[in-house]
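Multiple structures are listed underneath, in structure tokens.
In what follows, subunit A forms one complex with subunit B and a second complex with subunit C.
Right after this comes the complex of A and B.
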């Protein structure tokens, strides 16, 4: 099997989910310049709600696809409510406060949501019911499952739908106008508070879908799953240029591919037995099984943050980020 | 009376920027508010719209504006073109115009955009460009055209000549004259006192937060104090 192609496929799958989550970060940042660190928890809540619904329905005679869709249909409104609630209760009262205040509040909201989930769903790692039979196709040396195909297609459809909403509808134009100059948007008749709330609700809906996809893909769900996923999606949003919607899509997919390729090759690259100039040092360890791997694929999570650091050092505005300050 | 302002006060921390301003605008009038930089003209205008907390009372079309959110104003026919133009830099010219009609629910928006293009051919040429790429004068045209998209009864213009070359200033004032001729009531805030007074029916002169003179624009143009302080004519 071609490991390169395989990892690209895996990376695209994961990356398109990152993109969906990153959109939530970037839209909220674009409109109120807040990094909503609680966004990852909304993904987790989406996964958990879907987990509960799917577990209950899995025993019935319902067709598997319908069960999963019902799970999504329940997770989305719950997450939207959570998204609306956090904006209304936690962030709106701080709209005029210095930027640090809502940022710290976001961390607080994140902790609260995580522990609410702990109360509801316990601390156990839960097996996401695998009711959709995975079928594997081999394409050009890479194995692709029907779940992967479905995830990628769904993400592409969601991104297309969102792009249409933002760039072609009245609400979308109002969102962009509010992001660029909220005061003038208000003078034009835009209820800025409603537009900001709508942005949170849309982002939370996307997060819910992403949560179900992650749960289905990895087959597990836990109340802590949102933190690392949220941070990676944040890294993806920064990579693409925070506040930039196409940037979040690009950043998410790129980050997924980088991460998968990194995980696929890091073991080989850090196998000390490959390097003859090190032979004297590691001879003993290599004699046993021929490998002395410094970093295995369990270092997968490192790549997102290496990328984040590189972007912040080399190109803080991100790949598609605009120069800051061209507000007329 | 379309706009009636009584005892308007604006504070920034402990500083009183506007100190009890009375001002009225009747339907069909073009009224200007002139004064030096820092006199409080812009603060007064922004407070009228509710962009700043204010003291005193503001009545528009007979109803008090107290406690009403800013986004209701265009629905009631009151639109402000803010200082610095306030176009949405990353929206296209056409999207900016469409945003001007945001408060409208009727189906004639497209036809109205076509009307604006007729009046401002320059904007038609640049309709798919983002507004941030326009020159200052073009942005001012766009800001006025966008405000007209809401079909206002009362248009508040804040320093439309600011930062523009003299030729463009004349052009913008021509546009303001045309808009007034179409029956839109205008309250114009300007530093360029001569142009504003030549255009307006009535004028108010503002000095360190208070109205010091008011009256017919022609009379103000002839006033000795105005000529010395604002029209650059030395005494004698």
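Right after this comes the complex of A and C.
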């Protein structure tokens, strides 16, 4: 049981990160119906900037927590700038173009950002300086580190803050109005361009935080880290119902848990020797090794995409999405 | 604008013509290893070894076939990727290299070796340890380090005899190297009467090991062996300690570097690992000093071996008095070489006779040699150095 609990804890941590990245996808989609495939690269740039800052400051006498916070404080504006530039240069000129054009542009932006990062930070795996000591606490049989607790708490705080922004402020009202109908919102005096730019900037800021989280959690960063993370977060956004903010949060957390449990149990479930009705087929292997495992935990990355396909087939609007999938 | 483009075209043509008229008398020796990606540091280390040998040969102004020859190193990046590796190998063949030092990874070296064999170009690897490489029966394919069916049993026996685990978990990264080594370790452990859990797998790009480790935690193994490289092994051991997994960790040569402590911090302390040769610090003094002087750093892992591999090719050319592979290959097969890593002599398969394996532990952020295994007998590192006349 405590193994199950541990897998859930791992999944919740991972899922919180997915949720924050998924928010960036879903906000942009909600407002201009664009799937910003370059969003994962913004996460990577956040991690890389934080890596550089933390590496420089790690040698100084600053307290570790302050160093990490400085890293975040540097990564967030850089990513916001990237997010703004991306919208201004790549997407705004295409706002009235057929929907396929900005989608392909997004893929192009993703490749450009990845290779810019390659030029700046090289191809190598960067080791985040180990300045925050991972303290492990045991709660009900599951080991939880202070970093995990920080990630989950920070995610909850960010989600709360975002919900406040969207549902309680003028900017949020303008965002929701633009999402419903940009023309009418414009007629009502909403500066649509500014609202869309703000959406990109907020999403990029969240991505920066997620990047630092991933970097400090795993202790490594590399220029390719954004693509798979971005795709998984996209799957999470679709799972929750793309365009729907609570949906992205729910989808992210669920996907993280599904992935952790899937990777943890797929080996046991696909051990052919457990199934007596198969005994005739695999008897020899079972007697020699005791096990005949079809899929091992190296299939971890598959789960996000299995979930994506299942959602698209069975419930295209996602768990909480009310709009029909014709826009996607 | 038009004038400028004309000038550019003219200049380009002139350069191209100059390139044609000048025939290069240089003897090219190829080196291939990952120079980018997670294990670029190891690739560069290998390349440095070969580069040093070639620079020294040029300084000595060797005469082959009555003419003074100049060697150049054609250093290529195979990205630790089998597909890129064969492209690089084809490039080497097209460039008519006289011999190849490399590649670094077993999974890359094995497919690349077929191209070198077909082109008749001798290849010596200074780090690929998977037995399959020389078991293919290819002529002109050599290795100057131990094989995984020597390395795996050595580290497994050391683990079994020193730590006396009752239950061991084995993980690999699903590459030719990682899986092959893990298989050898599992076989040896089982033969020593140790129980082994069903194999867990990651990939050579895995960063999140928590699911696997959590699963293993439930079975409380006394030791965990990982067949893979340091770029994935570092996060593995770090996450294991975060999950409060107390098992002893053991690794093969791919994760037997100081980078492990850089990636995992204090979590890496006390790990066991093996290298398929003598440790770099046990290489000859002359080599170590020359390396330090040239690259302003100490060799990390297999630089003494790629240095020896390049020297073997050069020495064989000298003895055969020819730089043609067909002429110097028979000499290379039989040559006995006293190199930076000790005495090298190839057996019929192209493997090094009596190759050493060193067992290390992580202490204070550095891997430190504990013992040397040679021909099935284990000797403490201090005794080994004494016997070597150190």
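Please note the rule applied: the second predicted complex is superposed on the first by the 315 of 328 C-alpha atoms of A that agree within 3 Å, B and C clash if a C-alpha of one lies under 4 Å from a C-alpha of the other, contacts with A are read in each partner's own complex, and residues count from 1 in each chain.
Quick note on the criterion: a residue touches a chain if its C-beta (ideal position, glycine included) is under 8 Å from a C-beta of that chain, and two chains touch if they have at least 3 such contacts.
These numbers come from a predicted model, not from an experiment.
Of the two partner chains placed around the shared chain by superposition, subunit B is the only one that A:173 touches, whereas subunit C remains out of contact. Touching more residues of subunit A than its counterpart among subunit B and subunit C is C.
In the superposition on chain A, contact of A:185 is made with subunit B only, not with subunit C. With both structures placed on the common chain, the touch criterion links A:93 to neither subunit B nor subunit C.
Of the two partner chains, subunit C is the only one touched by A:298; subunit B is not.
On subunit A, the surface touched by subunit B in one complex and the surface touched by subunit C in the other have no residue in common.
For subunit A in complex with subunit C, the residues that touch the partner chain are 2-3, 6-7, 10, 14, 122-125, 127, 130, 134, 136, 138, 143, 145, 147, 218-220, 222, 225, 259-260, 262-265, 267-268, 271, 289-291, 293, 296-298, 300. Residues 36-38, 40-41, 174, 198-203, 206-208, 210-212, 214-215, 217-218, 231, 234-235, 238-239, 241-244, 259, 262-266 of subunit C are the ones touching subunit A in the complex. For subunit A in complex with subunit B, the touching residues are 170, 173-174, 176-177, 180-181, 183-192, 322, 326-328. Put simply, subunit B touches subunit A in their complex at residues 49, 51, 69-75, 79-80, 82, 84-91, 95, 98-100, 102-103, 131-132, 139, 146, 150.
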